[in-house]
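Below you'll find the structures, each written out as structure tokens.
You will see subunit A twice below: alongside subunit B first, and alongside subunit C after that.
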Partner chain A sequence: MFSKFKKLKLATLAFATVIAGGAVADTIKIAGWGAKSGPLRSFGVNSEAIIKAAIDRVNENGGVKLADGSMAKMSYDYYDSACNAEQGIAIARKVASETNALIGIGPTCSGVAAASFGVFQKKVGDSSDTGLQMPLLTDTAVRNGLAKISQWTFRNTPNEPDMYDKLFAWIAKTNPNIKTIYGGTETNQGHSAGTYSKVIVQAAIRHGFEWVNGPIDEVSDKIGSGFKNVLSSSSNWLMEDTNFSVQARAFKKSGADLFIVSSHPFTTCGFLKELSRMKGMPKMMVGLTSSSSAEVMKGCPKQAEGMIIPTSFAPITAAAKEVAALAAANGGSADLHSAASWENVMIIKDVIEAVGITGDPSKVNEERAKIRDGLEALETTEGLIGTVTRVQDEGEALKPFVFVHAKNGNWEVLHDPRK
Partner chain B sequence: MSFGLIDILQSLIDGILFGSIYALIGLGFTLIFGAMEKLNMAYAASSIGGAYVGLGLATLFSLPLFLVFLIGPIAAGLISILVYLVSFRLIPSTNHLGSLMASIGALFFIDEVIIHETQGSPLTFPELGIFAEAYFMLGDLGFRGDLIFIMIFGLISMGVIIYLLYYTRLGLATRAVSQQNVAARLCGIPIHTINISTFVLAGILGGFAGCMAAASVGVISPLLTIPITIKGLIAAVIGGLGSIRGAIIAGLMIGGVENFFLLVRGVNERDIYVFLLLFVFLVLRPNGLFGNEINRD
Partner chain C sequence: MEYYFGILQNIGFHTLLGLSAYLLLLTGQLSMAQVGFFAIGAYASGILTVIYGINIFLALGVGAIIASFFAFLVGFPALRIKGLMLVIATIAFSEIVRLYFFNLRWLVEKDGVEVGPDGAQGFREIRYFAANGWEPSHIVSFIWIVVILVLFALWWLDRVKAGSVLRAVGEDELAAQSSGINLTVVKVSAMTGGGFIAGIAGGLYAHSTTYVDHNSFTILLATFAVAYPILGGLKNVFGTLFAVIFIQGILIEGLRFLGDYRNLLFGLLIILVMNFYPKGLINIPIFNWSKLFKRRDL
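On to the complex of A and B.
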């Protein structure tokens, strides 16, 4: 038996040994944040469910290998940024300065990402810039071109310009009878309005489609060209609107062959129901990436029938099917946004093992920088439906995608551009 | 997109029909104000909350979906009792600001409970049966069947409330409490029972409005709460706080103005004109269309 004094001495010795030799971590912490309150709560819930499933999988397989060859478990804390820019910034600051998390995953909303990426150091090694120095790998915020705001911010989100470019190329090739377009968006939602006015309409014009009332001033095939005029020429609504009669009438009156409906599920369904009631359905409809969700199929399967959407997630591979099942088991659902969380956890694990991390809390800043460098160096990663190419200088991803359409109450793959 | 006379008329018709929902909510605001001279800012939240409870119970127990329109208003009435107890009963009657702030707190509390229980996801809400698909044409002008139903319901509600207020003992007591609280108490009128009755009545009405609002889009979402609160409150103020017919007329008017400016100025400017209308009334006719301190309904 050790005396109390001996026990104290041994404990002190063990502590001193750890300090002198460098602490050996038994847990690698990461942080996640997204909307877990407010109208977009389901996005955060889905992401967290899949992060949990992915980390459970990593830990079931032994954990993550550290620089000394030992294995550490992964753990995560998930914070609620509520689709609120100030809250997102506060969480980024808290995680970077008060926790040992080596990397973050999030946020949900593009508006939060745009604002919070701005508080990260813009250029690595710039001593005059005291911005946050912690890598962030975004799963959901999808608005075009956000990652280049800081060299610490990376995204594994679909590349919408590429997706809609390929989609309209395919429509032009397979549906020569479709010639004119008209559309609308929810103007107070950054992703919906940004993607619509800067990406989708320009992609359509690039492939020969014509705006139904004649060309829109300053709008060309170039991304972002004349985006304000796109919005003013369209028939728009707000995210919280419930009455779409004026907009649906404008769509119907336009007589365009193809309608672009760039909004999230709630207003997409409200709008489509009004359009259907007025018998104003067009020959073809294209929707926003985020609407290829279960919510639209629950809310308005009949009215959405035929709507085409490009998406970077569909349960078309064994891995994707498994993640969809795990998400459901964890109280979430897998879609193009949340499924990226699984890929992100696996990317983080691979990078940690590649760059040699000790998990020593005293080296957290140094190891965050190592992980950032590791992320930047990635050329490809393995995604759930195929290989993802990294756009290294922009921190963005080029993810494989498919075109789905609403059919009999489900999103079914209409075309697989990978083939 | 260019527009002509038919478009303008159609937008006014659609707006006025949709304004029925604002009118019903405005009616609830004005009923409570008429009885207590206090604003219950949690009113629309209680209404939407009732609709959620109705949908939840109908789903949970696999009840026929039409029962949502029965359970929802009852649930909204019960939620209104809770709001009354927390935001009005427990706060001294002279502390008007306290009740106002407490009811704003109740609004956000109810909203957050809904968000956390539903994960914020919009839920499919049963539509108004045959009315939902009905769309009547009169020349070039179209009329939505479900909104006509809501409008008729609103007008009937107005009639029922006026009957209750002017032709029943409960109405007599409510008007007595409203006009001279102390004297009413001295006459033996149970003030709190009367207030609770008013809250329940307004709550049931709001529950119908909440169900109708959700049914008109076919989905229910926490996003509905704030816009309906704001528009319903504006309807009550423009109509004249305390005036039942004022709330109905102003609600319909706000719907029309909103849709007209949506057509001619676009969605980003639409609400500016609704608020401008409110300011015009507050400055030029502060008692609204029909309200004044002497002859509140």
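On to the complex of A and C.
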């Protein structure tokens, strides 16, 4: 039993500790932003739905542990950047300078990420660089190599070169009857066109597939080789297109065994419907990672039947199934982009607990830097379908992935390359 | 404050873009080519600072001169057409420019990193301001000094004989020509001047956002460029400024919390303003500044 004196001493000590350590917060704020309006609004809607679910889960479990051992709730604000670079930059500036958010999640569009990452400080500690100093952990913007634009920006997005390399290796091994390829992309969408012309076609060639009309000049198995010639040899469309008869005819006429359809769900469905109408379906189809989403299954399940896509999210574990259900309950859907939001919230919680955050608004800049350092130091994180390896010097992730195919109106796992 | 500085930057280069269209509208030319000149200024000045390491002031100047040179070239064929045909022709020009930059790949290795325009992947790392220690307050001050200079120049132009000549051509080309006004000189000069202003605006935009790609220069931006002076009113140069504040400051930033409904309300508000104040925002009584800024009758 403590004496009154001892109790008083302990109370004084605890009070002094809190005073010395500064005020602690009862809420830790984070911010998210992505396209919630315009043609790509589903990205932001899905992302926000899962951030909300993840934060609810953290708070149901007591919240996040602060430096002094107390627990604080997490809260978030989500902003609509409309897939527009100017608006994305305005939000990044707003969050960094007008809020106490310790970290941001987003943006969803690669073009906005490429623009807004540029307004962040390039190298940490460079006093001559006046860029924003706030950590950002992106969930959706998947275009290759964006995180290295700034040391404050990190991504938890899939590594497409690795995914397509493994996919074509597996197809070559399991489908020896597939020999020739042909494809197309939406050329005014950076991610679709870049991944198609620099990654997918080269991966296919690396594993012995042949372009149906003979080799394309300068294209080898090396990433990015001859990408301009890849585009000019393909049958392409634009993201705003609604008529695909010319392209579908070219695909059909090519007679290739395997078609590569590198586009987002909106034009993927339009194209596949036209191809199907022309009875031009090939033996096999490979799609872009971004099309392994609910939109394709809602828009053209019959026409997409059999399409194979590598994805970093599929409801193959109990955690992934639960997140898919929670996303649906919040009015969104879980896919390879949005599911990363769940992982990001959990990563942020773990980092906050590891680096010792007070949540004191007067220390917001100092604590943002601590969180950034904590993110950079991560070697692995727990993902929904397995362990994610961090590429520390680039701020990128190597996420586990599976191959899914469209079957009976659902994306079903076709192969797990880890097995 | 950085957020508000960011909004002021946006308002600044959109005002310049609107003013470039305003100059042409005075001569009766509805040009959708401003976004093309804006893109030329953005890419040219970006290439100069990023690849060649040139000072921002020089880069903006050279970018604006290149844009005005193209505007000069566009000005001659534009003489032969007017109205809807001019709109179509200038849209075609802007699309040619956009598609040129969509295909432009000019990558140079600097400090182990490839920089420069990269086709559909865009042009990143146009970080002159941040990399040279410019604080947001410096950037916004610089942009607004340029805006004020251009506003003042156009305001002054409207108060001297040259302004009357521009308006005379805009009101009635035949009558102006009968009075001895050289239409070619006036219209091509307006197009060149508009191109110069749009070129500066593009350069400032590229350096503020640090990234441009072909999607930054679509017909939507060209529509905004002509909508600003029309919505604001052509009575004087400040109408364009009011319209930009109304659209960029109030409708886009102020209504962000409305999500998708923002776009609906956006259109509705513009329709209402155009219905109640067809001669532009400058005529709204609460401003009541139109008399103060009214051009002098010559």
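Operating definition for what follows: the second predicted complex is superposed on the first by the 398 of 419 C-alpha atoms of A that agree within 3 Å, B and C clash if a C-alpha of one lies under 4 Å from a C-alpha of the other, contacts with A are read in each partner's own complex, and residues count from 1 in each chain.
The working rule: a contact is a pair of C-beta atoms (placed from the backbone, for glycine too) under 8 Å apart; a residue touches a chain by one contact, two chains touch by 3 or more.
All values derive from a computational prediction rather than experimental measurement.
Applying the stated contact rule after C-alpha superposition, one finds that A:Arg41 touches each of subunit B and subunit C. Applying the stated contact rule after C-alpha superposition, one finds that A:Thr187 touches each of subunit B and subunit C.
Using the contact criterion defined above for the overlaid structures, shared-chain residue A:Arg143 touches subunit C, although it does not reach subunit B.
When the two structures are aligned on the shared chain, A:Glu295 is found in touch with subunit B, with no touch to subunit C. Touch criterion met: A:Ala85 reaches subunit C, while subunit B stays clear of it.
Looking at the shared chain after the overlay, A:Ala334 reaches neither subunit B nor subunit C. Legend: residue contacts after superposition of the two complexes on their common chain; A:Val119 is shown touching subunit C, with no touch to subunit B. Applying the stated contact rule after C-alpha superposition, one finds that A:Ser245 touches subunit B and leaves subunit C untouched. Touch criterion not met for A:Ile55: it reaches neither subunit B nor subunit C.
Touching of subunit A by both subunit B and subunit C, each in its own complex, is seen for residues 37, 41, 187.
Residue ranges of subunit A in contact with subunit B, taken from their complex: 35, 37-42, 45, 187, 213, 232-233, 235-243, 245-247, 249-250, 253-254, 265-266, 269-270, 273, 277-279, 295, 298-300.
Subunit C meets subunit A in the complex at residues 1-3, 5-7, 10, 102, 105, 113, 119-122, 124-127, 129-136, 208-211, 213-216, 252-253, 256, 259-260, 262-263. For subunit B in complex with subunit A, the touching residues are 1, 7, 10-11, 14-15, 18, 112, 115-116, 119-124, 133, 135, 142, 144, 213, 216-219, 221-224, 226-227, 255, 259, 262-263, 266-268.
The residues of subunit A lying in touch with subunit C in their complex are 36-37, 41, 79-80, 85-87, 89-90, 93-94, 96-98, 111, 114-115, 118-119, 121-122, 128-132, 143, 148-149, 187-190, 193-194, 228.
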